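Heads up, the thing below is written out as structure tokens.
Chain IDs A, B, C and D follow the sequence of writing; residue 1 opens each chain.
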Amino acid sequence: MADKNQRQELKKIKKYNLKKYREYNKQMRKKRVPESEYLTKMKNPDNIIEFDNLQSYFYTDVGTVKSVDGVTFDIPRGKTIGVVGESGCGKSVTSLSVMRLLQGPQGQIAGGEIRFNQQSTGRALNLAKVSMKEMEKIRGNEISMIFQEPMTTLNPVFTIGDQLCECISLHNPEMSKKAVEERALETLKMVGIVRDGILKNYPHELSGGMRQRVVIAMALACDPQLVIADEPTTALDVTIQAQILDLLRDLKDKINASIMLITHDLGVVAEMADYVVVMYAGRIVEQGTADDIFHHPAHPYTIGLMKSRPMLNQKVDRLYSIPGNVPNPVNLPEYCYFKNRCDSCVEACSGPYPSLVSLSDTHKVSCHLHQGEAAHKKQTGGKQNA
Amino acid sequence: MRQYIIKRLLICILVLFGVSILLYSIAHMVPGDYVSNITAGNQNITPEMEQRMREAYGLDKGLVEGYFSWLGDALHGDFGTSFVYKQPVVEVIGKYMPATLALAGISMFLELLLAIPLGILAARRQYSVTDYTIVAIAIIGISLPSFFFAAVLKRIFAVGLGILPVSGMVTARVNYTGLALFGDLAKHFILPITVFVITGVGSYLRYVRTNMLEVLSADYVRTARAKGLPERKVIGKHAFRNTLIPIVTLVGGMIPGLFSGAVITESIFALEGLGNVALKAVYAGDIPYLMGFNMFIAALTLIGTLVSDILYAVVDPRVRY
Amino acid sequence: MEDMQTKNQQEQDEFEQNQVILTPGQLVAKRFFRNKLACVGLGIIIVMVLFCAIGPFFSPYGEYEIFYIDNETGKEVRMAEGGVGGSNMGVNVKAPMSSKHWLGTDADGRDVLTRIMYGGRISLTVGIVVVVIELITGVLMGGIAGYYGGAVDMVIMRLVEIFNSIPFIPLMLIIASVMFAAGVLPQYKIYYIMGVMGILYWAGVARLVRGQILSLRELEYMQAAEATGIRTSRKILKHLIPNVMPIIILIATMDMGGVILTESVLSYLGVGIAWPYASWGNMVDVVNQSVILKNYVNIWLPPGICILLTVLAWNFIGDGMRDAFDPRMKR
Amino acid sequence: MKKMRQALALLLSVAMLTALTACGGGKDGGNTDGGNAGDSGNTEQSGGTEDNSGDAQDGGDEVQATGTYDTLVIGTGDFEGVFSPYFYSSTYDNQVNDLIFATVSRLNKDGEVVDDAGHVEVEEVKAEDGTTKYVYTVSIQEGMKFSDGEDVTIDDVIFSYYVFADPTYDGMSTFNTLDIEGLADYVNAQKPLWEAISAAGQENTDFSIWTEDQQKAFWEAVPAAGASFAQEIVDYVVASGDVEAGDIAAAAGAWGFELEAGATAEDFFNAMVAKYENDLVALSGTETAGSSLVDFMDESFAEMVELASVDTITGIQKVDDYTCTVTFNTPNISGDKQVAWLPIVPEHYYGADFSKGHLEGVKEKNSAPMGSGPYVFDNYDNKIVSLKANPDYFKGAPKIPNVKLQYVADEAKVDTLLNGDIDITDPPASLEIIEEIEASSDKASYNLVDFAGYGYIGINAERIPDQNVRKGLMHLMNRAPAVSSYYGELAHVIERPMTPTLAEYPDDAKEYYGYDPAKALEYFKAAGYEEKDGKLMKDGEQLVVEIGIGELSTHPAKAILTQMVSDMQGMGAELVVQDMQFSNLSPAVTGGDLDMWVMAWGNSTDCDQTQMFGSKGGSNYQRYYSDELDAVLEQIKLTVDFDERCKLVEQSLDMIMDAAVYMPIYQRSDMEVYNAATLNLETLPEETTSYYNYVHEIETLEMQ
């Protein structure tokens, strides 16, 4: 019986997916996309990226996974945004959406806008819609990305030089081969690799840390306006992590680019981020300045995270851990996703998913605890800040 | 690198030695030896005459003795004299090699020429109509018995339409020379090569496709995209160079299959090649030629694998010997 | 607060229940069945097996029964009926399709349809038997080589190379003629040939399995298993075999078709199943008599199609299997 | 199909030797169809014209074409590239020889010897020692030239005799077995020491060639060697699984020697010696299980020794530059063929460094033949033999400048001809082909020729000793339907084991064993078999017969065997059918490893059947030995009067039939197909037989 309607269930899913795939492929095949479709207006010209109700779905055999479901936040120019959350909460998918690197046709941007403030042309583009051609111009040039796995992100059969120069000359066709190489070495110096002959090396000849530096160099090669660092340190061992972090930190000052730092390591965020976005199960549960999040966490989940990170100055006999785990991403419930793990539930929690309310002009949270009393909190919040 | 190659070559010799023992003992078990074949039914042949001929052909020796005398000569590059052709085996092989090499070589080239691009295309469009059609056609190709396919092709193009020769390698009536001769040869090779390619390309295509799928899902391809490389460069450069690695090894493995296939195709189209001769040799009990032929193929195979292993090191910097 | 907690728990539970959860097996199956071609293939094989296994029971004729025809009365006489001597009698060869013989009779006056059924039994059996043999030998040898490594590995791999570098077809021909000398009865010849083919094919399997096992031994969980110091037998049974299974199943399906083809090629060369028994291979042989090829399509086309479909089917299944097993292509 | 061609090549090769030859399914095999030749016409045209232009420059003194076409292409079988009248083993190689070499005499339509480049006649002469000798006088025309301009003399003919007679000769000719005066001494002048000693016998006292000690040593060595020799046989038998190890008596039994139980290898050997009347050579030659007797002795015994320095054959005498005589000790009805139906081979070319025992020089010319025939060898490449006309051929220069023989597969022959690529070919005759050709009669015409041979089923009388069983089997062969449905008009059932093309064949012979399962069963019962629970048993043994057949898939005897299999199943017996490659079948038959076999004889040119049915006959595969039959056969050979001979032949054939060892099946037709679009058909011989065809008149053949 149950088995039967499960099968029907699956059939429905399959049909639905196929439809989606077809649409996607049609979209991909389009050579030219008229500007009108992706030209848009920035809400705030100081922002470099504005996520507006971004929805990135994966259409899998077992159903639609809403990895990113209505995410909205901005990345101001020259600032660093930290995106935190447990693994599988949609951090990486958000970043991949920006780069339009979701594995089609299964993974697609289902809705919302990613407004990109393109300096070179002074236009505002909706990255969710731009043609692949446009995208290729932007990738690695104005927006570049640092991936988790330094071991596999470099192509094993080409030399560092090849891969680095390729990127540079691609976006600066006018540059001479010589100039390109100089540039390459320069960037490598910037990330602290001075060893000569490095360009002739193959990835497998370098240590993990070195490779990650190369990856970073590659990301910085065309001095982009936005660097997305997706867990840049997780795959590395602690000492290297430290080095890379230092590197990133002083890079942050060297280059006047915005950084979107994705990590589950609050420590890293605390050290680097100006703003913090906390995601849970594909949605933003809380966002604000580093200060807001670290000193006045409002959402039970954020609080949990805070508790669960080791503190040197205060002694706890046992680290706190949030009970339960992330709900199954397929057809999530209507009520707050965190409800079942939350230790401070109220009646309202069984109600619809709480909307995002502002506690201060920077600090937003989506939790029933703060619904309604937004206004009051605002003042007190303001006081506390003062 | 050098030691590696030397080591490999030594191993090859070892293997060849094993092959020769195996082959010789099997060939020696064949009941109908050459003498009893040519004397069969010849009423006046006396036991003495047969014995004389046996000695003349060296068939009177026992297995072990026979093997070692064969080995001894072989080491001096003398693989004996073909019973059927009454010429040194080495010469016979040399004489008939060109046809086979032409057939096998060209086919191999064409197969790769088709398999690689189509395989990549299919991989890029996995589960799409294109993918299904390519794979389906490829598999239909490898699902046909070659002789069956050949017969049908012959029927249509040679007998039916009469636009291609039925069999043989050149048109006897005319003394073509130079380019004309080449054209004539080409005309005679069209059908055999078609059979070869169609029935062979499938497996390689499939292989390419699988590897491409694997590579396409690799991180470095994503990196390449993130760099802003246009798709064709991502595929054509980053992905392709990596699929190349397994393909290189594949090529080495193709050789034995090619020559086995040649046996059938050549006999069907009466091409004067090694395989055809080998087939005849089997029926005539021409042991020297068979040994020579099989050893030749074995050696070729081993060299093939060796070469592809070396190429492996060339295309994949991670591999060093 | 408390009851709230429990309530939550219950909610979560029932919530989990109406989720669609899939075991790995189901996932493989699902990916397999997503591949249309694979499904088609599976269908064909099933039909073929039924056709050949059950078909003969419905056929009124024997596998190699020949039919005579009285040239004066034009009346057909069956072999067993007797009274088939005499000069007015002829063999009813190349009879057209009719209600008596749905696919007509072949060049020897035997019922084509019936022979296709019997022939199918052989062709399918050949496929299965050979594959089984090659798997047993191959997995065993490859397993040993991969597991113990060192000298054993060295020896086995040299053996593999030896077998790889022997040209298959000439060898089969030689062996076939050796078989008579060895006094093998014709009706059993085909089984010996199956054996030989299996033996000749093991090398490829061994190499794959060895590779697989080597890579497995590198994996963490394998080393973890080693660390826990479990018995070797257990290690092999519980950890290695299950993980080699996919590749084995792959080889099995992939080779199945190839073997059937080889059988047909061998019977084209006069090796293969002995007269008067049928196999699809030796039924298709007639195409090299161009008269039959041209005028008697009903004799060669049906078995030809059977071969084509069956091999095709196995290949499709193989493809489906590979795509299904290969987690890399999950997306 | 490759295997069929292969079989065929082997078969006919032997056939051409005026011997009879086994002809498996090969020739009878693959039907061929023409397919439409619609647009092949223009290919021919272009072919023809291209060729003229191509031929223009190499004009010279060469023969010019009479029509559009200047090249005759003959579609034939597979060459082995040994174009030597001495050493060829494939018919198709010899087909080339026929065009390159002229012969002293040739056969006419009826297979009788007639003059060609020379003349032969025989006369009986009383030698001084009172015995009757038969002297053949061989003469050749004067003024003939080889293609290199040298004159042809009788020495060239004599040279051939000596090559054929050479002790180291390993070709197909059986010349050196003829009973020519002094030939035996010449051939056997050189022998392995042990053969010489054993031939001389224990009591020999002439130690001119070997020492007394050697002789003693030899005879002492014999028993031991013999034992091991016998032991090898025993091991062999054991290995083949028939008896368990150690039981020598049983092994010997399986080998055909009755010994009482517990016999030793020595006894076995002695038994063999007894059977061969101390002829150790013959013994080790025939009974061997691999090694020869001498292999078990000191090598020194294997060395060759010159018994007497004989370097001429006394029976062969040169009379003058154009005449010689060959003297036979006994009459031989085919003697004229043996001495005169031989190619004339230039001694100055082949015999440059020929001396007794040294044929290397002759063999070197295998791939570059040269003779005085209508055509001159040009080259052999890509399975095509190219010949150029010989302007000073003694019958006059051929009309067609070039002849090419191209290998074409049997199944492809008609197709290729209709495509216009070849002009003359010989596909295996079949109803379909005739249909095909008649459908496109503008393109081709054909000619049916009685094939000088017949298909038969043989029974090994040693393996099936009981005549009743053999007769039973005979009654199970339903020949008529099989033959009629396979060949239609192209073949007919024959009732006696002899080629009906021979004048001596008794045309009125009645069917000897009709198809009759009931009668068969009676015979089996008479032989002592009874049915036990559905099995035909005799002292615990089921009746199981093993029959060998070559290339069964396309063999006309298929239907017969199918019927036999099912009938014997019906009566509880079993017929095991061994379908084999010809290369395995013939040794199996000659070696007597089969109870029954299906083969065909071809190209019989005379009615002397001693070799097949005589007790000492080299082709007596059925191993049926009967003194009275021998007597009759001998008689036939010596009977020169035709009617007498016919009677004797008939008598002998009846005896053979009664022995139930030989069941003749069919006598069929060969066919020759001619390309009507390229040939002047009226220039073909008006009558073609299996002994005489276009090749014999090639010089007068014309193309359009």
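Here is the rule we go by: a contact is a pair of C-beta atoms (placed from the backbone, for glycine too) under 8 Å apart; a residue touches a chain by one contact, two chains touch by 3 or more.
Keep in mind that this is a model prediction, so the values were computed, not measured.
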Chain at maximum distance from chain D, centres defined as averaged CA atoms: A
Middle chain, criterion being Cα centroid separation: B
Winner on C-beta contact pairs when C-D is weighed against B-D: B-D
Cα-centroid distance, chain C relative to chain D, in whole angstrom: 45
CA centroid of chain A to CA centroid of chain D, Å: 90
Whole-Å gap between the CA centroids of chain B and chain D: 37
Centroid distance [mean C-alpha coordinates] between chain C and chain B, Å: 24
Overlap residues in chain D, where contacts from two or more other chains coincide: 2-3, 33, 35, 412, 415, 581, 583-584, 588
Junction residues of chain A, two or more chains touched: 103
Multi-partner residues of chain B (each touching 2 or more other chains): 31-32, 155, 159, 217, 279, 283
Chain C contact footprint on chain B (complex, rising order): 11, 14-16, 18-19, 22-23, 26-27, 29-32, 126-127, 132, 135-136, 139-140, 142-148, 151-152, 154-155, 159, 202, 206, 210, 213-214, 217, 256, 259-260, 263-264, 268, 278-279, 282-283, 290, 293-294, 297-299, 301-302, 305
Sites on chain C touched by chain D in the complex: 62, 64-66, 68, 71, 79-80, 82, 84-87, 89-93, 108-109, 176-177, 180-181, 183, 185-187, 269-270, 274-276, 282, 285, 288-295
Parts of chain C lying in touch with chain B, wherever the complex brings them together: 34, 36-37, 158-159, 161-162, 164-171, 173-175, 177-178, 180-182, 257-258, 261, 264-265, 268-269, 281, 284, 287-288, 290, 293-294, 304, 307-308, 311-312, 315-316, 319, 322, 326, 328-329, 331
For the chain D and chain B complex, residues of the former touching the latter: 2-3, 6-7, 10-11, 13-14, 17, 19-22, 33-40, 43-44, 47-48, 50-51, 54-55, 69, 71, 73, 78, 80-82, 87, 89, 167-168, 170, 172, 174, 177, 281-282, 285-286, 290-292, 363, 366-367, 382-384, 404, 406-409, 412, 415-416, 419, 421-422, 581-591, 599, 601, 611-612, 617-619
Residues on chain B engaged by chain A in the complex (per definition of touch): 128, 217-220, 222-231, 238, 241-242, 245, 315-318
